[in-house]
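Two complexes are shown next, each including chain A; its partner changes from chain B in the first to chain C in the second.
Entry: the complex of A and B
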């Protein structure tokens, strides 16, 4: 079968724009992470430089990684695969380019405002009201473009990736508005415990209703293509999709198990955190069965390799997450570096790996040129993998030391020297990830602008 | 009074999901799932499969080393726990 549309006349400007956005902001985001890690190791490093203190660098790091690196990269791939799966063109490349520009303006505003100390002080919802509005508008523009593409489709059936990306974008626009309490521009918050509940409803939805669906969308597209095999089961993929929507939305309160929120809500959060096994395994079984016997093909394709590794990390982070929602486990793991380890398997190991995989998979198609250097992409893969696995090991050990010490009544400052070696190792690993971002940016820039070779067809 | 926000959000969310689900059933999104499996493959793979690099062999050794290191660390923990844990 052939495509109904002529690929030659398509500019793929939006996909290119989002891809480049992701590659550039990965450098900024990982640099901020490295700087933060260095400050934890040497707290006096940025003494008297107000805009570089840890309290400002950390929110810049997480916001840029989430909204600058991972989300745009996954959207870049989506702007390529959604029209192809629907056998049509993207509704408006112009609107797409405007969105990319608006997105980047918002990201610049994020860095400047947070470094200047303008924050609403709620985790993952730090951004001040005007930027909140920019973020919501940017997601709304993406949604309009994608939904109009769906409307103009020639393929009647929506493949599961399309379901995931549409849901991810619109649910984020709404939960972002709600979680950032945008109807109260000054504080961006409710008052007391209800605020914490609302914040973590939104906070967990950033991972569950933004990163996870967008990454799942890319995976469901890339793995069958790389394996040159049909998806194991489309029905199972839709079961996983609806299960994700039903279950993920209820689990935010597992971040508040040691807070006086109503017990019934904690029970729902814990039960559904365990029930997350259903959508997670529905997704993984489907992907792994599609890839069965095709590991050679996956290994040969750099995009496929990143994406497949991301699925393995998804397994680990989700199983770990379900365990962490158990109160007995969380008594040790809460409020220390264990959670930071978990966060990095999730955002870097799962979503970040799949972002890079999506970018490397679509890049030859949107530029109609081969990747500038497979060697550099492989190098980046290994730097990210070793950095990420290393983070997990050292942060987990540091977390266990902290958690057990505090349970035994030890005071914080006596534990700090004990975890210092782990902080040093962590910063060294962070350097690897930062270097990998530089390599990736170079490779992507070179493919987009300096590569004179034509793609073999 | 915070719960009116929550209840209205749940209601709106539920209503929209229901509308989408009904639309999906009506437009036959859940029919012909066999064909849907092939949707990513319905166009040509017009870029040749990328070549593997000289990194490949190194990679195999590195993966092997990583696995050995992981297993070694686990064994060390186990032995230390057995010898010293009382």
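Entry: the complex of A and C
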């Protein structure tokens, strides 16, 4: 990893644009989550405001968090580190800025269409066809920009982070088109059981082929930089990368273990959900051994701190995930808040933490100014961490109450008052995450626009 | 291994292609020719429009349509088969059960219960956390109801036939006046039940428990003072029973127990045997008898041997 060519002449407009996009939409996404959580404890709060009904804002929350907060944040970091690792400039900042604008237009369309009830009704594939097309085009534009940057590179070797970004972007563009059945604009769906199989192939790969590779790309860049240490093992990088693509992609059916789908498909999904240990541990051992003895450096760097915490959450979510794919465990955990807890360790604890880490790590480089406030960034770190861990604990308890009660023959209605206190606690913790998003937005805006201090070096 | 640009991009795409072949295309050919199951029928246009409203309002995020071998609750009489879903486009299995599974919801309640419940779920279910859907308007609620009443397809049709038959009978009885209505309500109850007094004595603790159960389960229909004027009343016909009319009309602990346990199909009165254990049913029954009917047979003979806990 060598210094980039003359850093001074680069505008980093694309990286800035994506970073800002992420910070703004984190506020919107977490607000929608908070609103949903509040409705679950006080359902008549938004009575008769149709476009705020729970069933509409839940998909807004999920789509905005995935495509508005996490993905742009991770791409923002990539638009900084990819050219740098390749010792060149980004192919076209203009194209990059156009991509950022198109991306934001698509996100606005997401909020409006879903709130108005225009949805295709498939989890993670709700967006209507015109927005699907916008998303695919946006990913294609990102890919073109990255590919041309790779073509123009001065550095012959492609570093691990570059593999992950390239694969993540092109594979997501492909699976997104497949999973959203874009050849059927009206419904965006197949019929019956094949629809469920395709949907969960895709839904699962939103995490496996988008969030995980992009987050791994940032991790592979930030941790060695912060530690000023070479990467521990090239072999583990290879194993982690290829094993992720082979294993993660074909286990989506573990979402359908209790549904009449072919048994052989379930067996594959269960067995290889356990095999997920291979890519997960290859990646984590590689990163953790790189950081061995360097925790002080990581602690000192706010970006490094976020990213490293994200890797710990990756460990937990993956071990938990492998357990949840066991049919016997799923008898209790399926269909209830346990899964929501898992989703939040994954998307907020792992991918979201690394998104914020990537942003805080690259921000001083792309603005050539120090971070506006380290204190606020630390505050955000603790708010997200406490909020997210608290969430998981609370939702896991609620999930166990629900799952065990149902297994015991109690009906859904009887359990509602039992989980009410957990819904209240969850909303309170959600408030912390929302406040942290506001603080982050302020800090990032201040760094970008009203920071008068000069860069430290 | 040298990770060139081509190795990364084309290698990944080739892996993806192989995976798609194995876990999407092969299963597709395995599952797309599934024959419809024995409960299958096509949906009517009305039901299909209702389904669109179901999709537009995200009912799928709180309700599954997928009954598992291990389930006991609503719909558990039939475990889902692949052939139940052959017209579902998209399929609406769902991934959360914030509310109960709806695979077999059709005919579980009469239409008037569904309407009142959609207007505001807390009208019929005081503890519900389901959103109110009054904003959809009467017409859309009707369509949604049509869809929900078709869930379970042929099984739902059977249940709806039963609901409609008894709806007519209950309306006729209601319109014939309180005397005739009470007679009709009671003559359908097996005779043994009618003659059983509540075998447990009235106690402050029992009434307090009954009060809580009444608040959590019955309040929205029968109303705070048991006159049948809860908020759901305006949508229900026959309206929820005014308990005061039961006085001196042969009411017994056994009748109350039986009606609460089994519900009155055709009317909005749901069954509670899945939600309330035996003691709770006796308690709420006695609460109604003491507070609203003003006439209780608790602890009268014949009552058998006193229960162990009685003072």
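Keep this in mind: the second predicted complex is superposed on the first by the 453 of 457 C-alpha atoms of A that agree within 3 Å, B and C clash if a C-alpha of one lies under 4 Å from a C-alpha of the other, contacts with A are read in each partner's own complex, and residues count from 1 in each chain.
To be clear about the criterion, a contact is a pair of C-beta atoms (placed from the backbone, for glycine too) under 8 Å apart; a residue touches a chain by one contact, two chains touch by 3 or more.
All values derive from a computational prediction rather than experimental measurement.
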Room on chain A for both chain B and chain C (clash or fit): clash
Partner chain in contact with A:225 - chain B first, chain C second, else both or neither: first
Which superposed partner A:245 touches (first chain B, second chain C, both, neither): both
Touched partner set for A:158, first chain B, second chain C, both or neither: both
Which of chain B and chain C A:365 touches, first, second, both or neither: first
Which superposed partner A:416 touches (first chain B, second chain C, both, neither): second
First (chain B), second (chain C), both or neither touched by A:194: both
Clash with chain C, by chain B stretch, listed 19-27, 37-45, 55-63 or 73-81: 19-27
Shared chain A contacts, counted only where both chain B and chain C touch the same residue: 158, 174, 178, 190, 194, 198, 238, 245, 249
Touching residues (chain side chain A, partner chain B) in the complex: 1-3, 7, 81, 84-85, 87, 155-161, 174, 178, 190, 194, 198, 220-221, 224-225, 228-235, 238, 245, 249, 297, 299-302, 364-365, 370-371, 374-375, 378-379, 382, 386, 389, 455-457
Of chain C, residues touching chain A in the complex: 1, 3-5, 8-9, 11-13, 15-16, 19-20, 22-24, 27-28, 30-32, 34, 55-62, 64, 66, 68-74, 80-82, 85-93, 95-100, 120-122, 125, 127-136, 216, 274-275
Residues of chain B touching chain A in the complex: 2-3, 5-6, 9, 13, 17, 24, 27-30, 32-55, 59, 62, 66
Residues of chain A touching chain C in the complex: 39-41, 43-44, 46-50, 53-56, 58-59, 117-123, 147, 150-151, 158, 162-163, 166-167, 170-171, 174-175, 178, 187-199, 201, 238, 242, 245-246, 249-250, 252-253, 255-256, 258-262, 265, 268, 331, 335-336, 339-340, 402, 406-407, 409-414, 416-417, 423
